[in-house]
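Provided herewith is a single structure, encoded as structure tokens, for subsequent inquiry.
Chain nomenclature is as follows: A, B, C, D and E, assigned in order of appearance, with residue numbering initiated at 1 for each chain independently.
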Amino acid sequence: ASEEEPADKAGEQSRQVVVFAAASLQESFEAIGTEVEADHPELLVTFSFGGSSALAPQIVSGAPADVFAAASPATMQQVVDKDAAAGEPVLFARNRLQIAVPPDNPADVDSLDDLADPDLKLARCAAEVPCGDAAERALAAASVEVEADTLEEDVKGVLSKVELGEVDAGLVYRTDVQAANGKVKGIDFPESGKAVNDYLIAPIADAPEPDGAAIFVEFVRSERGRKILSDAGFDVP
Amino acid sequence: MPASTSPDHRLVAARARPPLPLLVPGLLALGFLVLPLLGLALRAPWRRLPDLLTSAQVLDALRLSLMCALLATLLSLLLGVPLAWLLARTDFPGRRIVRALVTVPLVLPPVVGGVALLMLLGRRGVVGQYLDAWFGLSLPFTTAAVVLAEAFVAMPFLVIAVEGALQATDSRYETAAATLGASRWMVFWRVTLPMAAPGVVAGSVLCFARALGEFGATITFAGSFPGVTRTMPIEVYLRLQSDPDTAIVLSLLLLAVSVLVLAMLRDRWTRSGLT
Amino acid sequence: MPASTSPDHRLVAARARPPLPLLVPGLLALGFLVLPLLGLALRAPWRRLPDLLTSAQVLDALRLSLMCALLATLLSLLLGVPLAWLLARTDFPGRRIVRALVTVPLVLPPVVGGVALLMLLGRRGVVGQYLDAWFGLSLPFTTAAVVLAEAFVAMPFLVIAVEGALQATDSRYETAAATLGASRWMVFWRVTLPMAAPGVVAGSVLCFARALGEFGATITFAGSFPGVTRTMPIEVYLRLQSDPDTAIVLSLLLLAVSVLVLAMLRDRWTRSGLT
Amino acid sequence: MTAGLTARMRVRRGGFDLDLDVAVAPHQVVALLGPNGAGKSTALQALAGLVPLTDGAVAVGDRRFEDTAGRLRVPAERRGVGMVFQDYLLFPHLTARDNVAFGLRARGVARRTAHAKADAWLERVGLIAYARSRPGALSGGQAQRVALARALVVEPDLLLLDEPLAALDAGTRIEVRAELRHHLADFAGCTVLVTHDPLDAMVLADRIVVVEHGRAVQSGAPSEVARSPRTDYVARLVGLNLLRGKAKGHGVALECGGSFVTRDTVDGSAFVAFSPTAVALHRSRPDGSARNVWHGRVVGLEQHADTVRVQVDGPPPVLADVTTAAVAELDLTPGAPVWVAVKATEVSCYPA
Amino acid sequence: MTAGLTARMRVRRGGFDLDLDVAVAPHQVVALLGPNGAGKSTALQALAGLVPLTDGAVAVGDRRFEDTAGRLRVPAERRGVGMVFQDYLLFPHLTARDNVAFGLRARGVARRTAHAKADAWLERVGLIAYARSRPGALSGGQAQRVALARALVVEPDLLLLDEPLAALDAGTRIEVRAELRHHLADFAGCTVLVTHDPLDAMVLADRIVVVEHGRAVQSGAPSEVARSPRTDYVARLVGLNLLRGKAKGHGVALECGGSFVTRDTVDGSAFVAFSPTAVALHRSRPDGSARNVWHGRVVGLEQHADTVRVQVDGPPPVLADVTTAAVAELDLTPGAPVWVAVKATEVSCYPA
């Protein structure tokens, strides 16, 4: 909805806050950006969304970023390791796993245990990526042995396979199920508390606009920011 | 009576039905390439198209994509055709290695390619730091960076296709041109290039299409700022995260536009030749 | 005395230094393509290479990648060369549209291509549901799916490069073959193909390289299961999330292997021709 | 049944218009003569099915190749023609042997047999040493001979030769022409030959069609055309006395009576050829160097721009080209007795 | 200073070996004659810089083109040669006009001027109507004429012509040959010509080099070579009487004395050409159709396989080929008086 505004404001001599953020934050952060701009008319919030792992090397190699919001502690760590973050990153959102099944739930899944059925087609993330790491933790906590048919590189891959009915179930984040608009059904499971993924945010050391960065980070952690994030399905600490 | 390349002057062998061993696999290939798109097109939620087509963000991305892909193709033509010529027509030590090296960016995962570009041209890159220090020039996260990233990924396609075409053209016409006093440059420009034109066109099509579809290297080297570096594929990628259906409509839109552009360019090229 | 394509029989114009307008951009292009790789290679943590080279997971991925890329190239040759021939040598209504359609998978973001393949050949796909119901055949999550996904993405490169080469070869030799009683198939096999060989080789190189680097369509259509569908690019992307340095070493390893394979294949092709 | 070629061809090609009827009986050779750009190559290409007819029909016997009325068009590869192209069109990627064997392989002949036959033909044209050379490594004349072998080896129903001897040097030309003649004599099909050389045309062809601007301006047996050429151009092009006989050493006993002394030594059946311009007519028996002198009678005179073609009864009967002044001086009128003299060095003699 | 071409060429090409010295003075035309595969085209390519010398040196005046000793090698495009290729090699993507203008454009001539000059040359070779045709739409003879125009228009220092008239029909050939002669007469550079046609060689060349198996077997002025050909092959190839004079109507007053009657009518300076085989020798004055009869004296005899070439003093002096039998019968010995007869129809006459 706010898409035209940054372009319009670019004409004025406003101060630009550049936020590098994980792609899964796009909708929430764009909403937050609009509100920040409303609060601070002198600011223009610009986003560069992408995979966290693509954004980290950009920041390390001197991208003109003011804020980095990462979808995993590991990618944030890459930035911290190169002393590119200003101060300690803070946790601002969590994402919780759900079992996603096609709306008609052909395999009648309603718990983690059901995933152990060898005939069931299951998709989940690979252990190397955050959602896979979370899935491993959840399955370990539930002591379920499952054999997935595919170990995806990101959670959207899992989701699209569920949507298209290629698999009977997949382990995805709650935000993804919510964004899928009813094309998949989400099933909560008790061990999901063990299967969370942490989102971290930090201002950048060489930020061209450190004040703006602070304002943005602060807004994300404010009540209004938390509301927007939790509406999108995130857990907010 | 030397070769004629313009179709209307060609001897035409009677065109009966093409032989089955060519027709069947050819049609299979066509089906294989086109049917998935058809499926996609049929299932795509086209009613969202009007919204998308009036969204400034989409239009920005589309405009940016076309412009950058065209510039990248132009850059690739300017640099890549000479490189192809060097590979095809000169003999220097290590030519085989160079030819293999040119192929290499094809295999590199684009994101890694983007990282490599950052390492070279980034603000702290091997070359980039001097650009920054001496000229205050910073390439990454600008539209120029998009063009560079696309050219890096797409140029090898052009080079290899053009080299293949050059290898296949009869170099005796070039020697004839040389006896007429044409410098090597003139031979290249007035004889080699026009005779290899179909290959150059094919290479440019590949290059343009690859550049238009480029995503990994672009987002890594240039970022994804709306209106500046966010091309259609990045837009599609981001939509895939939130709204896959829209993403598909957008891809198909990209397709349609690219087909249109290619048809237009091809026509012009084929009509006027390259001279 | 018709064209000679074997270099030793060619008239050789004296090879002075190449003209500057070709040399300079050619070298620029080379630098542009090779320097980033060099930077990457210099900064990569090579000491991890021994570990990686003995890791079963990496070796599995490498083997799988090579095999699938070769198979995809083979499939593309089998189906794509006939298609290129149909486009270049026959005249059917709508040929221009078909040619444009063939270009289209180039522009499609690979992930969307994967979705399209799923819609067609997936468990609930238009064709796939019958494959499943009638033959109990399910393509996704199999190695065959990797080959198909790679072929879908890479075949257009072959088709367009080969079509360009066919356009550039003198069709009068084909008419000469026809007067000798050669069927169109034989003309194709014994005259057209050998004369367009450099273009076919170039197209295959492009196709192989593109298939080897394929990521998006593969992971979407075939998934990523170690040893079955997890190719090197997928491995690289996974590592990029957790351990970017390793990812870079892996990419460079992939490069090295692909250069090796291409050099080997090219040599063989160029030596024996295609007949 | 193999019956002859009948063709009614009308071809538009850019600004050029070909309108030519050609009929060739089996076993017969028809030569197309005419200036550059007359449409000779176009006619051959149309017969081979390489350019479509705008209008007309082509058939060999009852096999109809093309008929614009019936919308019928047999593609080139199923016409069973053999063709020598003016610029050879040897496949650049194949050796001379493979070039020659190509047509046989296309007809399904086994590789080994095909190669053996190809080698035999390369032997005949004197190029067996070049069997493994690519066309790029052949000289112009060598390439033309390979092209000839390639067309002849398949023994096609219809043979189309576009200046098959043009690039050959004088010596080779005589040999290859003789070889070609032999082949054509054994050849059951129809042949259409394009050549600029009147000797080729007269020696090889049974009928001559003179083409100008895409139209036939004259046609007939070589001797007929030679006797009464319709234009000065044709007269110059088609003047040749061609006599058949049995040769022994320098002498030839002619079939039509009389005998001939020639420079060349041939044994057995032979042709004796000399130009009408080489024939001198005298009122009394000449005592000069001319080795062939006989008495005859004028039976016809045909005036052209600067010369008169005189038909003299023999034996042997000959044509003589003389100037108008000579006609007046010698008082040459039909019925007048004359002495005919032809120098032996002016006479070519070929094995027939 | 433009001085002549001096070339010492040794070229290995597969199994073939060329070893040939050629020297051409400015203004001079040297013809290479020889059988197919003798190495004529190879020699031209070496002169043009298209095949490297294995050993030797090529220079025009003091401009050294190539010297294997000095490791010097000027690339083709800087030698300033003009070349007509045996297979023309017209650029298929350019019109006839652009083909001809190519060399001028390469030398930096403005487009407009280049096109005007190209058109002038197309006019000369009779192809102005085809200026906008692509080579694919030209007939063989038309293509050759365009190739000739393309080489000549640039007025190169060194002109290399590989069978430039081979594909032309008889009529066009005479015209183009005369045109070429004119051009060569005005041409300050050196010309090397390859041809299979003795008439071309004799009319166009100042010197003849006969090449066999890559070696020169005989060389000299055409009249010398014609007078004493070293082999029978050369004798047949290079036999021609060529006389110069002033023509009026059918008569030509020869420069060397005497006069000639010809079939052709020419006005002004002209060449008279006829073969030695066309010359009949008599003991007494013949009364036949021969329009040209004069008295002479035998000055030399040269025996070849089957014929004797008799050198007769004039005026005009001529060569006659007669059989050995005729020599015996007429008792032809040096010093013997003879009557010489040449039929007017045997004599060609060209404007010089």
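Rule of thumb we're sticking to: a contact is a pair of C-beta atoms (placed from the backbone, for glycine too) under 8 Å apart; a residue touches a chain by one contact, two chains touch by 3 or more.
Everything numeric in this text was worked out from a predicted model, so none of it was measured.
Steps from chain C to chain D, minimised over paths through touching chains, total 1. Of all chains, the one whose mean C-alpha position sits at the greatest distance from that of chain E is A. For the interfaces B-E and A-C, the C-beta contact count is higher for B-E. Centre-to-centre separation between chain A and chain E, using Cα means, comes to 87 Å. Between chain C and chain E, the centres computed from C-alpha atoms are 56 Å apart. Taking each chain's centre as the mean of its C-alpha atoms, chain B lies 15 Å from chain C. The distance from the centre of chain A to the centre of chain B, each centre being the mean of the chain's C-alpha atoms, comes to 33 Å. Among the residues of chain A, those in touch with two or more other chains are 51, 54, 57, 160.
Residue positions 1-5, 9-13, 15-16, 111, 115, 119, 125, 172, 175, 178, 183-184, 195, 197, 237, 240, 244 of chain B each touch two or more of the other chains. Residue numbers of chain E whose C-beta contacts span two or more other chains: 49-50, 75-77, 86-87, 137-140. Of all residues in chain A, only 3-4, 6-7, 18, 20, 23-24, 26-27, 46-51, 54, 57-58, 61-64, 156, 160, 163, 179, 181 touch chain B in the complex they form.
Chain contact summary for the complex, chain C toward chain D: residues 1-6, 9-10, 172-173, 175-184, 186-187, 190-191, 194-195, 197, 273. On chain D, the positions that touch chain E within their shared complex are 13-14, 34-38, 40-41, 86-87, 133, 137-142, 145, 162-163, 166-172, 196, 198, 233, 236-237, 250, 261, 263-265, 276-278, 280-284, 286-291, 306-307, 320-323, 325-326, 329-330, 339, 341, 343-346. Those residues of chain C whose C-beta lies close enough to touch chain A in the complex are 115, 118-119, 122-124, 140-141, 219-220, 222-226, 229-230, 234, 237-244. Contact residues of chain E toward chain B in the complex are 48-50, 75-83, 85, 87-94, 102-103, 105-107, 134-140, 143, 150-151, 154, 156, 160.
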